[in-house]
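For clarity, chains are labelled A, B, C and D in written order, and residue numbers in each chain start from 1.
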Amino acid sequence: MKVHADLCVIPIGAGVSVGEYIAECQKVLDEAGLEHRMHAYGTNIEGEWDEVMAAVKRCHERVHAMGAPRISTSLKLGTRTDREQSLQDKIDSVRSKLDQR
Amino acid sequence: MKVHADLCVIPIGAGVSVGEYIAECQKVLDEAGLEHRMHAYGTNIEGEWDEVMAAVKRCHERVHAMGAPRISTSLKLGTRTDREQSLQDKIDSVRSKLDQR
Amino acid sequence: MKVHADLCVIPIGAGVSVGEYIAECQKVLDEAGLEHRMHAYGTNIEGEWDEVMAAVKRCHERVHAMGAPRISTSLKLGTRTDREQSLQDKIDSVRSKLDQR
Amino acid sequence: MKVHADLCVIPIGAGVSVGEYIAECQKVLDEAGLEHRMHAYGTNIEGEWDEVMAAVKRCHERVHAMGAPRISTSLKLGTRTDREQSLQDKIDSVRSKLDQR
């Protein structure tokens, strides 16, 4: 089962600047070989369900290992059985509707 | 790794009434033997990370099998290394602070 | 426009224990006279859109005033035009489907 | 109060293809003159709290007016008092940490 995910990891009790932790999560996604694209409030990820989920777990493990005592993550998970669609397809679909107006 | 999760499964393209799908997800959580409590906008779940995640995956599989072509799930995931805390502990902690005022 | 909301306020850079901030948000919702019910990963709120949103803003203002330099909130917002439904109706609807099985 | 938001509007009971509704929300954000950037699972928005929230409300009103009987929105809201930061600053901050490694 393919999944489109949006991952936002928030370290708690680790100070006000969390960029170092987010950078580590980007590294985890790279190492996992997953298609991913960071935005200003999370990261879009595309891949097989189990691989995406294994990477999310590694993000928690690494962020704790870096010293954050507590993490609250928001994860969106989109699956569909009617057709295949890439992350870029979703964006293109909305853009084409805007262009048609 | 223990996790506190909050799961909100939204079937898309399956009509306006989604209660039947949510009931199925409750059944999945029961079958998994996971501590869980439904509220009006999701379900709190407590358990080992891998067991919770396996149940979330089964929710997607079952909801698709029931006929929903598309699902968008919001999942919150809380982990901490500083101490153990149950779902009820979190609620009690806030309530005790309200009582102290 | 009536809305069902689920509010989860996360103070960042304010230490690992955030119960004091969450208690303050409960007080804001009380003062606003909004129907609300805390669970272990947020708070269900029911009311007129503008009143709910004004309360969410006050939560951010108060939590900053208490000393949290940064806040990341997750807010779910449910609206419907087909019929009226209370928070409790949503829960009862799923429970009745479970009972029918 | 400035806010960084991430908005994901999900029409329910409006069929499996929701691109037309999302395109309408992009138009609402354009009309509001708000800085915004769509990604594959939502839209980053930056602006004054009240203006961003007014636009989110208009999205719900328009999507209902287009025929969707039910909407479930996920909204992330980030505020900070320690310093000013743009959406692009957040991305640049993580990228610079990745480059330093």
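Things to note:
Here is the rule we go by: contacts are C-beta pairs under 8 Å (C-beta built on N, C-alpha and C of every residue); 3 or more make two chains touch, one makes a residue touch a chain.
Computed from a predicted model, the values in this text were never measured in an experiment.
Rounded to a multiple of 5, the C-alpha superposition of chain C onto chain D involves a rotation of 180 degrees. Both copies, chain A and chain D, contribute mostly matching positions to the interface they share, with over half of the numbers common to the two. Centres computed as Cα averages put chain C at a distance of 19 Å from chain D. With centres taken as mean Cα positions, chain C sits 17 Å from chain B. Remark: chain A and chain C have CA centroids separated by 25 Å (rounded to whole angstrom). Under the contact definition stated at the top, the residues of chain D that touch 2 or more other chains are 13, 16, 69-70, 72, 74, 76, 78, 80, 82. On the side of chain D, the complex with chain A involves touching residues 4-6, 8, 16, 19-20, 22-23, 26-27, 37-42, 44, 74, 76, 78, 80, 82, 87-88, 90-91, 93-94, 96-98, 101.
The touching residues of chain C, when paired with chain D in their complex, are 1, 13, 49-50, 53, 56-57, 60-61, 64, 69-82. Across the interface of their complex, chain A is touched by residues 10-13, 15-18, 69-70, 72, 74 of chain C.
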